[in-house]
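To start, the structure under review is shown below, and the notes come after it.
In this document, chain identifiers A, B, C and D correspond to the written order of the chains, with residue numbering beginning at 1 in each.
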Amino acid sequence: TKKLSIIAGPCQLESRAHAFEMASALKEICQKAGVGLIYKSSFDKANRTSANAKRGMGLKESLPIFAAIREELGLPVLTDIHEREQCAPVAEAVDVLQIPAFLCRQTDLLIAAAETGKAINIKKGQFLAPWDMKNVLAKVTGAGNPNVLACERGASFGYNTLVSDMRALPIMAGFGSPVVFDATHSVQQPGGQGASTGGDRTMVPYLARAAVAVGVAAVFMEVHQDPDHAPSDGPNMLKLKDFPGLLDELLAIDAIVKK
Amino acid sequence: TKKLSIIAGPCQLESRAHAFEMASALKEICQKAGVGLIYKSSFDKANRTSANAKRGMGLKESLPIFAAIREELGLPVLTDIHEREQCAPVAEAVDVLQIPAFLCRQTDLLIAAAETGKAINIKKGQFLAPWDMKNVLAKVTGAGNPNVLACERGASFGYNTLVSDMRALPIMAGFGSPVVFDATHSVQQPGGQGASTGGDRTMVPYLARAAVAVGVAAVFMEVHQDPDHAPSDGPNMLKLKDFPGLLDELLAIDAIVKK
Amino acid sequence: TKKLSIIAGPCQLESRAHAFEMASALKEICQKAGVGLIYKSSFDKANRTSANAKRGMGLKESLPIFAAIREELGLPVLTDIHEREQCAPVAEAVDVLQIPAFLCRQTDLLIAAAETGKAINIKKGQFLAPWDMKNVLAKVTGAGNPNVLACERGASFGYNTLVSDMRALPIMAGFGSPVVFDATHSVQQPGGQGASTGGDRTMVPYLARAAVAVGVAAVFMEVHQDPDHAPSDGPNMLKLKDFPGLLDELLAIDAIVKK
Amino acid sequence: TKKLSIIAGPCQLESRAHAFEMASALKEICQKAGVGLIYKSSFDKANRTSANAKRGMGLKESLPIFAAIREELGLPVLTDIHEREQCAPVAEAVDVLQIPAFLCRQTDLLIAAAETGKAINIKKGQFLAPWDMKNVLAKVTGAGNPNVLACERGASFGYNTLVSDMRALPIMAGFGSPVVFDATHSVQQPGGQGASTGGDRTMVPYLARAAVAVGVAAVFMEVHQDPDHAPSDGPNMLKLKDFPGLLDELLAIDAIVKK
C-alpha cells in the first residue's frame, strides 16, 4: 500500500500573497517529512450558511494564482467546483477537481468533471451511507474517468452535528478508489453559530490519527496561519504551527498500519 | 389562518398524455373537495441514486406541456430546477420554482430563482436543522422576493433512513413563510435499494395526517395512477385511488386545527 | 376502535395534598370532556441525570396515597417501578405498572411485572427501533400477561435530543397491543442542561395532536399546576391551565381519525 | 501516560472448562506481548433481545469459577451486574464490577457498586452524550469510590445501528477517569436480526486501531475461539486466532500516541 499523502491549504483563496505564503510553508513542512502534498484552496464558497458571508475571490482572479502555484512551487493543486460550466476552465489550471458534499449526487456535475480527465475528489454527502458512494463513484468511472477519490467528511447526527463513522473508510475502500479523510470539515457544527458554521479544531488531531490508524490514502486538512481571523471555516481549520507535529504522528501511525 | 392547499402530481413528467390524465384527475378530486391544487411534476431528475436511472423528458420538451396544463386546465404548476440557467426559462412556463433539498444551500441558485419573481418552494436539506432554514429563506427574501415557502421532507436519521420531526413545522412557521409538508419524500429510504431509493408508501397517510394536525399551509404529495410502474419514486408515491379518502381526512383535521 | 384515553399527572408524587389537588383537577377536566383518565405519578425518580437531584417520596410513603386516590377519587393509578422486588407491593396499590424506557430490555423486571397480572405500560427505549418492541412485548405476554401497552417517548437523535418518529405508532400497533404516545417526555432534551434534563413544553401540543392524528389508544402527558417550580421534568411538563384546551383538540381529531 | 491495557474474554461464562481454556489462551498472548489483561465474562445476560435467548450460568455457579480464575491463573476478573443485591456478593469474587450501558443512569445500582470499593467500569449508554458521563461518573465518585472507568460502546445512530464517535474518548478523558473503548459491542447492530442482535466483526480491528490512535487507557474486546457457535454476541466477537495480530498493531500505535 502507498504511503499517506496530504491535501492541505486554507479554506479559501484570500490573495495571491497569502496563497504563496501558505503553499510555501506547507511545501517545506511536507518535504521535510517526506510526504506528498496537494495544495487545496477554494475560489468560491457557493453554499455559505448565510448570503452575507464572504464568498471568495471568484473564478477569474483565482485560476492564474492556482496556475502560478503549480508552476512556481511545483505543487499539484485541488479546488472545488459548483457548476457544470466551471469544470473545463478550472481543469486547465488545477490537478484535482473536488465535488462538494451537498453536490455529490448531481449527475451532470459529476459527468462534466469526469470528462475533463482530471482526478476527481468526491466529498461524501452528509446524508449518504458509505455504501451509497458506490453509485456516486460509478457516475465518474462510467463517464470514462477511473481517477476518482472518495472522501469522508462526516455524517449528519441529529441537528448541527456531524459524526465521523470510521467504518466508512474501509467500506468505501472496498469500491477500489483511494479514500481520503477530511479531518477539518468532520469537526464542523453546521449552522451551529446561527448565521455561520461552528466547529471544534481541538478534535482534528484525534480524528486524523483515528482515520490514519484505520488506513487511508490521504488526509485532507484545512490549515491556516491564523484561523480565528480567516474569512471562512475559522473554528475548524488547523493552525499552521500545529501541522508539523500532527504530521509526524500521522506518518508514524501510517507506517505501522501499512506494514 | 388559510385553509390547507395541496401540491400534487407524479414525480416526473412522463408524457403529455400522462400529464393531462393525472392533472385532470387531481383537479377533479380537489375541486370536489373544495381545496386549492398546485400541479407538481419534474422535467429532469438530476440527482438519481445511479447514473443509469431515468432522468425525465428534459427542459425543452417539458415547458410547453407545463404551459398547456396552466392554460387548458387552469392549474398553477410547480417544478424543480437544478441549475442557475434554468430559472429564467422555466419561470416563463410555471408558477412555482422548487429548490431541491440537496441544493438548498446553493446561494447562486436561490438568488437566480428569487430574481424570477415567481413563488419559490425550498425543500429543507436532509442535513439541515429546522432553525437553519431561517438563513436559507433569507437568501431568497434578501434578493427581493418575499414569496417563499419552506418545505419539510425528512431529516437524515442514521443511514438510508429519514425521520420526520414534526417540531420542524412550527419552528419554520416562526420565520413567517408558509410551511409545506412533503408526505411522500419523507417516507423515502435513500439509497435503500442499492442502486435506487426505496420507500414505504403505507406510511404516507400517517405522516400527512400528523403534519396537518400540527398545522401546515400545504401538503405536498407525489401521486400516480400506477406507482409500481413509475420511472422514479415508485415505492413512496401515493396511489391515485387512495388520494380522495386521504384528502377528506386531511381537510377535516385542518378544519379543527385552524378553528 | 376505542376512543382516546388520557394518562396524566405530575411527574413525581410531591405530597398527599398536592396529589389530591392534581388528581381532582384532572378528573374534573376529563369528566367534563367525557374521556377516560388514568392518574400518573412516580414514587421514585431512580435515574435522574445527577445524584443530587430530588428522587421523590419513596415507595413506603407513596403507596397509601396511590391507594387513597383510587378509593376516594375512583381513578385508576399508574406508576413506574425500577426493581423486581417493587413489582408485587406496588401492584397492590395501583392499576398499571410502568416500565421505564432505560429498563425496557431488563427481562427479569418485565417478567416480575407481568406476573402481578396488572396492566403493564412499557416505555420504548430511546435506543430501540419500533419493530424491536415486538420482542419486548413478548417478554410480558410470554409470561402469561396479555395486558400490555407500548409507549413511544422519543428516539435518540444525535446528542441531547429526541425525535418523535410518528411511524413508530402504527408499527407498534401492528403487534396487537394498545399504543400510547408520551407527549411530554418526547420533548425532553436529555442532559441538555448540564446537571439536569431540559425540554421544550411549547412543542407538547404539536406532538400530541400529531400522534392523535396518526391514531393512538392513549396520550400520556405530565401535567402540573406550576411546572417551573416542580422538582423534576419542569421544562417539559404541560401547565394544568393549558390541558383542557389541548384535550378538546385531541378529542376532535381522534373522532375524525377513528370514524 | 500508562501503556494500553486489555479487557478481554468471551461474552458469557459457558462452563468452567471453557473459561479456563479462554483465560489461559488470552493470558499467554498478553504475557508474550507484555500487556496487562483483565479477564471479562458475564454470569447473566439480563437484557437479551428476546426472552428465549440464553441467559448464562447464573450468579451462584459463576462466582466460584471467577474466583478460581483469579487464584489459579492470577488474572484480575471483570463481570457485569444488573441489580443492587448482586453488587456485594459479586465483589467478593471479582476485581472490576461493570455497569451495563442500559443501566448507566440507575442511581441505586451505581451507588451499591461504588460502595463495594471495587473498580467500576461504566458502559456509556447508547442514548448518552459523552459529556453526560460527567454526572454518571460523579454518582460513583460521590459515593466515595474514586476508582471508576468510562467505557465507550457506541451511540444510537438511526435504528438498529451504533456509531462510534471517536471524539467521545478525549471528552470523557477530560473528566479524569481512565477511558476504555469497547471494540466489539461498538460493531453491534442492536435488534438487527429480528429476535437477536447482529454485528460485523470485520469492523473490530478498524475501530480498535482508531480508538488506540486517539488515545485510551484500555481496549475491551469480547474474544471467543468459535464465535459463530457462541451463545451470545457471536456476530461481533473477535476470533481468538485474530487477537494476537491485532494486539501487536494496537501496542505499536499506542506507543506512538503516548510518546
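Observations on the structure shown:
Basically, a contact is a pair of C-beta atoms (placed from the backbone, for glycine too) under 8 Å apart; a residue touches a chain by one contact, two chains touch by 3 or more.
None of the values given here were measured: they were computed from a predicted structure.
Using the average of C-alpha coordinates as each chain's centre, D ends up farthest from chain B.
Mostly identical positions are employed by chain A and chain B in their mutual contact, as over half of the interface residue numbers are shared between these two copies. When the C-beta pairs in contact are tallied for A-C and for A-D, the bigger tally goes to A-D. Separating the CA-averaged centres of chain A and chain B is a span of 33 Å. Distance between chain centres (mean CA atoms), chain A to chain C: 48 Å. Look at where the CA atoms of chain A average out and do the same for chain D: the two points lie 36 Å apart. In chain D, the residues touching two or more other chains are 155, 157, 159. Taken together, the touching pairs cover every possible pairing of the chains. Against chain B, in their complex, chain A makes its touches with residues 46-51, 55, 82-84, 102-103, 105-108, 110-111, 125-132, 135, 138-139, 142-143, 155-156, 159-160, 190-191, 195.
The touching residues of chain D, counted against chain A in their complex, run 155, 157, 163-167, 169-170, 187, 200, 203, 206-207, 209-215, 249, 252-253, 256-257. Residues of chain D touching chain B in their complex: 157-159, 161.
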